[in-house]
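A, B, C and D are the chain letters, set down in written order, and residue numbers restart from 1 in every chain.
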Amino acid sequence: MDYFLELLLGGLTRGSIYALIALGYTMVYGIIELINFAHGEIYMIGAFTALIAASVLTMSGMTGLSVLVLATVVAVLYASAYGFTVEKIAYKPLRQAPRLSPLISAIGMSIFLQNYVLLAQTSDFLPFPNLIPALPFMEPYSQLMGSTELVIVLTTAVATVVLTLFIKFTKIGKAMRATAQDRSMAMLTGVNVNRVISNTFIIGSALAAIGGVLIASHVGRINFYIGFIAGIKAFTAAVLGGIGSIPGAVLGGLVLGWTESFATGYVSSDYEDVFAFCLLVLILIFRPAGLLGRSTAQKV
Amino acid sequence: MDSVLNVNGMTMDFGGLRALQAVDLRVRQGEIVALIGPNGAGKTTFFNCVCGIYEPTRGDIFISPPAGRRRRINGVKINEATELGLARTFQNIRLFPNMTVLENVMIGRHCRAKAGVLGAILRGGSTRREEQEIVDRSYEILVRIGLADQVDDLAKNLPYGAQRRLEIARAMATEPFLLLLDEPAAGMNPRETEELEQLIIRIRDEERISILMIEHDMKIVMSISDRIFVLDYGEKIAEGTAAQIRENPVVIKAYLGEDVNA
Amino acid sequence: MKQVSFLTVFLALFGAVCLTVVPSGSPFAADTIKLGVAGAHTGDLASYGLPTVKAAELVVKEVNAKGGILGKQIELLVEDDVCKPEVATNTAMKLVSQKVNVVIGHICSGATKAALGIYKDAKIIVISPSATNPDLTQSGQYPNFYRTIASDDAQARLEVDFAIGRLKVKKIAVLHDKGDYGKGLAEYAKKFIEESKKATVVLFEGITPGAVDYSAVVQKIKRNGAEAVIYGGYHPEASLIVSQMRKKNMKTLFISDDGVKDDTFIKVAGKYAEGVYATGPKDVSKNPPAVAANETHKKAYGSDPGAFFLNGYAAAQAILAAIQKAGSTDYAAIGKALQTESVETPLGRIKFDKRGDAIGVGFSMYQVRKGVYGEVK
Amino acid sequence: MKILSEFRKSFFISLWFMFLTFPILVIRVNTIEKIVEWRWRNMAFIGIGSFLLSFVWRYLLASKERVRKRAEAGEGEEVKPISQRVLDEPWVYRPALVAVGLFALAFPFLFSSYQTNIMTTALMYVMLGLGLNIVVGLAGLLDLGYVAFYAVGAYSYALLNYHFGLGFWAVLPVGALIGAFFGILLGFPVLRLRGDYLAIVTLGFGEIIRLILENWNEFSFGPSGIANIPRPGLFGLKLSLHEATVYLYFLMVALCLFTIFVVNRLRDSRIGRAWIALREDEVACQAMGIDKTKTKLTAFALGATWAGMVGVIFAAKTTFINPASFTFLESAMILSIVVLGGMGSIVGVILGALILILSPEYLRAFSAYRMLLFGMTMVLMMVFRPQGIVTNVRRIYKYRERETDGKPLQA
């Protein structure tokens, strides 16, 4: 039983990690129906900037929570900047282009950013300091779950709620929904679509950066490639839950996390990813819209 | 029993929303039938049900091709419907923009040819003959439709009216016995509409193709259609000749604001 | 459409350049001995390949300064294979067509396997500082292959003997990272454990490299009541697994391989690294030649040498010495010299057995104590 | 005044990029030795570079926009790109073709076996590109798992040879068939998915195949791969390395010609037109009586067939294979060949393959930046020239003037 519980919690952590990144994917897709392949790389860049900032700060003698906060701020700042720029360069010029063009351009961007970091920084793994302070009250439960993991799960939960409220109630959020519904219509009603799209990318990237800091703290090492692996998984999660829907992304993340966790626990981790991808394929075949996605009837 | 299309009590629901309510409609051999009604009355939905894009929730759709036997076609695939001899055009023009005019029509011939992958690679005598046949037939249709001099242009570079006509040519290439035109005159200037009228009549007379069309332009509807069906909120509210429809108070009520006698 | 013509012209020129800038086969004077160095020099595995290049450069500089061997200067031809088999064959082809006499490399076992066939046909001796796959020497398919590093099975053997003999564990979980190196090693470990009959393999599983979390596997280890984990793979995964085990207060012993005996591991795993065992090449840092080699590296590049530097250094010295002794660059003669004449290298005084493994080059067990790896005597 | 504002714009852009690249390009921390390395020079490069490039970028975007406007304004007579105009002129391309042919024939005798080997590799990618071109370029199905079929081919040769000692020639067609089989197997369930979903599912399949090859030792010998795969034989006579290379080269040339021949015929056939129509507008395409699934499946299977065939050759060429050779990046590389060359255009794909594969080999300086350039190419091509280096021109058909009964319908 408590083996099951442990797997459950392990899966929860994993799932929350996927979900945190998946949120960015799903938002962008919701707005411009584009699979932003480079999102994983944004997350990776977030982690790198955080690491660089953190190391510079610690070397200049700063310690404790302030490092975490400052590093996160820097990461969020830069990740958003990168997300913004990527959109302007690789996607904006392709608004009228056929569906595949921006997707290919996105793949190109992802490869480019990976190698940009590889060449500019290093190909080796860099140790990432655990910036998250150990929470004393978690001590007794360390068997089941560490403080870092707890923080990750909580952050994901909070992010989801905040994001949902944001999109429901704020002006920007409403504009986003309008744009998602019908871009040209939104434009007519005076929504500045370009700004909305930029905002989406900025918010998504910011989330990715936060994810970057937390996950890197949890994993303890980063390199230029983490974005790709995490990205694919997160994307799978997003599609699983029904891409375009925020609760869907979270659900998808959790389902994926648990699938992997239990597959490893009760079957074998040899085929961990195979399980994950099979799940994706099956979902897409039998429920193309995903678990929570609404299927759009083709207009004729 | 000479009706080529016979729709009985067709009902179409989208989730909770009912788009069509027990609609009956018949098209006889060699007729031009118009389907009119205010926006959102369910005209295009009706089309989509008939040619297999949606499967109607209830009711039957029977076709009896002059050549073939009578059969029920509820929920056949789009392409099957076409093979059976139902060809359509689209409200918002759907050509293959980056293919030449000729090729667009040649695509129409696709379902009447059979060369497979191997045939294409080996390009044996039969394949070559078939290919030439496709080209010639398509060209011929283009000549008849009056696009002979734009044959090698890209479809996307045609003027609007010509694109509409090309869509009709493409549909004709599938050798239908019933042609479904979805607002063929939309966005045309009076002269183009004039030509279109002639075209439709000639298609009926010379190609022996029956025609069912959705149209908002009352002028063309009234002048060429043998019978008219009126839909409103998914229900058929009237049926009859141009004269009858013109007088029908229900129709006038439905069209309140819209000028029927144009 | 000006930009189109601009772009196409540019690309056309680009292509033309590619086709015309053909490096000529062998423009070098014939009276040099050509020493090829092949391995990963770019890409994500570069850090494994470059130290060997530096080693070769240093050795060659030294030898040439002494007037070369057989009265000829030594010339280095460095080629990149990014550790990909398909690229490695091209690299090998290139070196062959440049008429190299001997080759130091390749770095990764897979790439080495792919390239060896080509060298074999061209009758060229290859000596690798880091390709540890047992088949390379044991299958007997590669008579032209030698290496200055012990093969994986030796490492696995050491790990297993240590676990069973010294640590007296009965239940062992064997994990690997599904990679060429890690999985091969793990399979040997499994084999040896089962043969020994003194312990049982309670878990044999491949973990997913790069995954964000290994708690499930860790739970599994715990559940199977393993007293020790033998892990085949590299430090990035190892560090996460160890940390997660320790965070769950599991005392399970962790024994791993050369891929983990790396200071980055200690840095990443931090306090959790304490007590971890890892096999690594015999500690030769005290050998005078090794000290000297490291010194020259410091002087030349102003930094500490990287992975396999000493092995590369030894490989270069051994092969050149062999040519010296053989008195020619003839395939058979060099081979014979390598197997008969022993030579002083940073790894000690070595010569090679019939299969091509260096005699006296082996592994020893290390343990992390107070944040550093120390040899377990 | 305009100039000034342009300058201001570029100035701010360069500032922005200096800011953007600051942490990654300028700072480098060595966490082990606790040293921070400041590389200010990079910042200068970025500043100047982005300043200049921003002009080019804006100029190109503007002219692209102009072209689009003109096309919309009706006078769609877009000027053909140089490459196209050249290719249209018989007096240009006939001699060119002959020259290329002669060069191809003479190549192995002019250059070392290394060069020949590289060229063989390039030709393999030409074939892969043309194969994927059927799927992506003609049928418009984005397949990100193409490498899976490549792997299938390679492993079918390696394994059939290992277990049953089947030779290259025996397996070449078999590999192709197995490839096709997998194409249908994988294609059937997923082909009804919308474009980008399809892309992801194929990516998933690619990964699954690789993971299975990695994990299922009993079947595929796992990550340590299969070594000593024999090179293609020539009537059982023993070839030296050089001879084998030359032989393989000519083999590839022949196969490439074969591929070109087939793809070309397919493109101008009933099937090919159906593919293109499908790419242009699915619903309309079906309304024309074309069976969507069947058509897509044919494209998918044919693409897979080619991948399988090249896979066999790949195994025979490297004589060693392991799953590491069949990663997503490989798929991406083949894709970028098609993209660079021009979707649907045969000449384009050939050029694309030669450029992308040969340039890093010969311009050694680039080799480190190889992937970087791949990525950049994909983005830039999509933004500025989605139709690729060589636009795919529609064929002009010969039609007989026939007596239509009476006068045309329209006067």
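In this section, contacts are C-beta pairs under 8 Å (C-beta built on N, C-alpha and C of every residue); 3 or more make two chains touch, one makes a residue touch a chain.
Source: prediction; values computed, not measured.
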Chain at maximum distance from chain C, centres defined as averaged CA atoms:
B
Have a look at A-C versus C-D and report the one with more C-beta pairs in contact.
C-D
Distance in whole angstrom between the CA centres of chain C and chain D is 34
Return the distance between the CA-based centres of chain A and chain C, expressed in whole Å.
36
Rounded to the nearest Å, the gap between Cα centres of chain B and chain D is 40
Taking the mean of the C-alpha atoms as each chain's centre, how many Å separate chain A from chain B?
48
Taking each residue of chain A in turn, which ones touch at least two of the other chains?
127, 270, 273, 298, 300
Spell out, as numbers or ranges, the residues of chain C touching 2 or more other chains.
43, 178, 206, 264, 267
Would you mind listing the residues of chain D that make contact with two or more other chains?
31-32, 64, 215, 283, 368
Chain B contact footprint on chain D (complex, rising order)
71, 74, 76-77, 262, 265-266, 269-274, 276-277, 280-281, 283-292, 298, 302, 394, 396-400, 402, 404-405, 408-411
Would you pull the chain B residues touching chain D in the complex into a rising list?
51, 53, 77-79, 82-83, 87-88, 90, 94-100, 102-103, 106-108, 110-113, 115-117, 119-121, 123, 127, 130-132, 134-136, 138-140, 143-146, 148, 151-154, 156-157, 159, 165, 170, 174, 195, 198-199, 202-203, 206
Residue numbers on chain A that touch chain D, as the complex places them
33-35, 45, 48-49, 51-53, 55-56, 59, 74, 78, 81-82, 85, 89-90, 93-94, 96-105, 107-117, 119-122, 126-127, 228, 232, 235-236, 239, 270-271, 273-274, 277-278, 280-281, 284-285, 288, 298, 300
Give the list of chain C residues in touch with chain D in this complex.
1-5, 7-9, 11-12, 14-15, 17-19, 21-23, 25, 42-43, 80, 84-86, 88-90, 93-94, 96-98, 109-110, 113-114, 117-118, 121-122, 133, 135, 141, 178-180, 183-184, 187, 206, 263-264, 267
In the complex, chain A residues that touch chain C
3, 6-7, 9-11, 13-14, 17, 118, 123-125, 127-128, 142-143, 146, 215, 218-221, 223-226, 229-230, 233, 260-262, 264-265, 268-270, 272-273
